[in-house]
């Protein structure tokens, strides 16, 4: 009987998605959410770190610009003490190195206006797109081309379903959410979010009780169709868990431990995960809504956890109703109380994988077919593995 | 004159007990105290780390079981969110991997009751013995055999003395104490506890003043009989400091610094240290009592400091008297105020030895004969040096 | 156009002052301020760390002695629990190893008065000089000879100026100041202190507004005479920024960002920096006064920031006036509020240089001629690069 020693079958499995195992710092050349629009007011300046890239964002005349957050002169972060002297530039607070917002070129040095470096030095810039109340930044190689459309790094638009949820980029949608720091590698967050077998940690959550939801103990894939691969031309790549009874057997009872699913209301909450790691849960937390999640790598041990709810909303009255629901039910019981358990679970895995050998020592079980498929798909479709920052950023 | 440079004589000395110098993570294949019995109620679950082993303890139907505290599936600690679904198993809170308490075998997965892993995967278990109000766990190699008796890893029973103190495993004894974290390697704690020359740090302690105890400045070994080796067949191994005037000269005065021992009451407090590092101080803190100490390695930089007092106690009335004494005198002035100084001293040594070369750079003096003898005995009689956890545990 | 990639010209520049780039732990064989005199009372004992050297200071009969702060026996810091048993010795609190204050020789062991180690073991001592209310210690190799005079490691005495400021070692001077920890390497502190282009961070400081001082935006060196090298025989080595209009063009306006110098009062505040890193700002914070700064390396990531003000003071009445000015104006608005910005700037540079490649990646500009000259002078005139402590101290 196999004990806790290293499993050679696990090692050979992990070789099948080796690029994924190597992506400690995330995938690159992809759009990541950086801030909510409301977090960056006109002339606001903020620094964020994504996949090891220190990036400073400034809004000027409504438009958001992103530059490398490290002055070329002595390497300080410009976001530490924002200094905006003109509408077209960002200045470093230390000696006044002043860079063009759109090209990163050194336009002047406040303390040395005739300096030979002016016009010759620049810092890199990052493409920015602002949609649905979120500022997205394209993180990766500066010379990556052509730039993919934002839609290519978003969940697919559901069309094959009369009861389809709205897409975040649709018109007439309500979009709200939160983001917060997770103390684990981004991949453990992705795998927790998509995992069809982790219902147990939500077993006694308030929102499950409040909605009298019939939450199974787990699922068992029973057909080839359990996991569908998403591979749209020029569009999202990823996988979809087909939660229907032809593809999955729903575990409603486990006699060995005398457990049985509770709740009366059973409804459909299909999940999908697309690169670089964006979860879509349809009809969650309540029917008609969708939950999006991003797990943006900060460094190799932390990620920024984005939780967004998307609903349909055609007019001001519906928006007021949605605000009421979001403020008093969906955020506190869904995004907070329910998802707090997911955050807890990822952080609990970190030590095992951080030591480097978790990928080879883990014992995956039947429902982990979804996780393994995700790893292979991610290993195949990513646009590059992010190198650690010491090799490009310091 | 020798300065602070490396001493070649110290290096050659340290080679005589090389296995001891290498035991950063402690000795293995030995009984260590894990918890007081009162710290683990029926169905209670707690995690402890000893010599780098993460261990989860559960009490079920009165009996205590110990398993590796790392689920085989994704490596989380089961003790983080205790889940007891049956009397014979411990379940992981994440996906419900459920292990047999006595064999560690995977009995079911709550979320996947027909999983092929069931019955094929297991986590290791640890032998447990509960005696004298303490839960002891045998830490080391899973296949170590035969298992030594708990008595072999305990101080010897004093028999050659009409005024002998009780043994902790005797009937009719009173046993109480505390345990707390020490921020030093376990060996520095052992050596501090046994050190016959460290009386100076207790010079002005309240319990010494309160008992008007005649505490010398130090001792000088004057005969071969100063240190006796303990080597019982199938029993404890260690050494005993024979604090009598034939073996040791008691330093009651140091004219160079004009210091003289204070106090009127002089009495016998013989000390011994047995493997894996258990101190016995007879007739301390007051005549008729004994103090036991364990310094259980947590990792290479921390130990769990156990301080236990053992007295004779034949009935409820004597127990009430002992409780009064313990609560109002022995613990606050003995285990706390007095021994706080020992904790301070070990932690002060940590930096010097942590850098790796303290064992070669130290200058040992006459009374350190006891320390050197301990090191040699420990190097000879231990049942194995604990490897760092990355090589077996992650 | 050069981007953020590594600059080969920067690398070849940094090779010109390679010993400076290697001096992570500071320069050795030099006088550093350890404590203010008032911080060490008679029989006071305090520990300090300078350039990685752990040093214990004791005052006995008025005189200050410095020894290595690590008992030869078990390596504990003696400063943790000061124990002074005689006027000529310092004792370790653990076992009473007692060292001569002036030679570091082991004079007795309290717990072992006849020990063979006595007279044979010693710890190293450090030369001490106490001047101008400051205790200076000579840090470096024990056998370095001959010992330089303290004056050689001090700013030069200004003589070529009818309006010269007082020298800290003069008679009839007023000397007060503070010291505090800076979380950056010492060199970043030196370079910040001397930097002629960093006026921008002081642009809106209260003391500048309060004195209506005409603070330029920066300077541009326009002649060979901008930076003068200080190389006194047996005296200080360093450089001086000649802030006059023949050597420097003062930037009073930058049209590209529409900034213009504020303030009406323009006056002379020449700066100089001598080894091992001592700043002198003449006529600062107000005319007639001088500010001295030391940036004493603690380890490779921290320095002790010393800020001293020196003024003339001939009698008690002038001292009372100076106290009033210092307490209510010069310290709070000068040493604190104004210099807090400098501390902030150094700490902001630390990450870039700590990663090791800042020295090669930085883009220095015109006014950084002063910094480059300082680096070359420091590389040339230092008395040795301090090795990391693991190679000599543990």
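For reference, chains read A, B and C in written order, and residue numbers begin at 1 within each chain.
As a convention for this text, a residue touches a chain if its C-beta (ideal position, glycine included) is under 8 Å from a C-beta of that chain, and two chains touch if they have at least 3 such contacts.
The structure presented is a predicted model; accordingly, all values stated were derived computationally and were not measured.
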Numbering shared by both copies at the chain C-chain B contact, with half separating same from different: different
Relative orientation of copies chain A and chain C, as a Cα rotation angle in degrees, nearest 5: 120
Where chain B and chain C are represented by their mean Cα positions, the distance between them in whole Å: 47
Residues of chain B whose C-beta touches two or more other chains: none
Residues of chain B touching chain C in the complex: 1-4, 195, 197-201, 217-220, 251, 254-259, 344-345, 348-349, 351-353, 355-358, 361-367
Residues of chain B touching chain A in the complex: 68, 70, 72-77, 80-81, 85-86, 89, 91, 93-96, 98, 105, 107-117, 120-124, 142, 390, 394
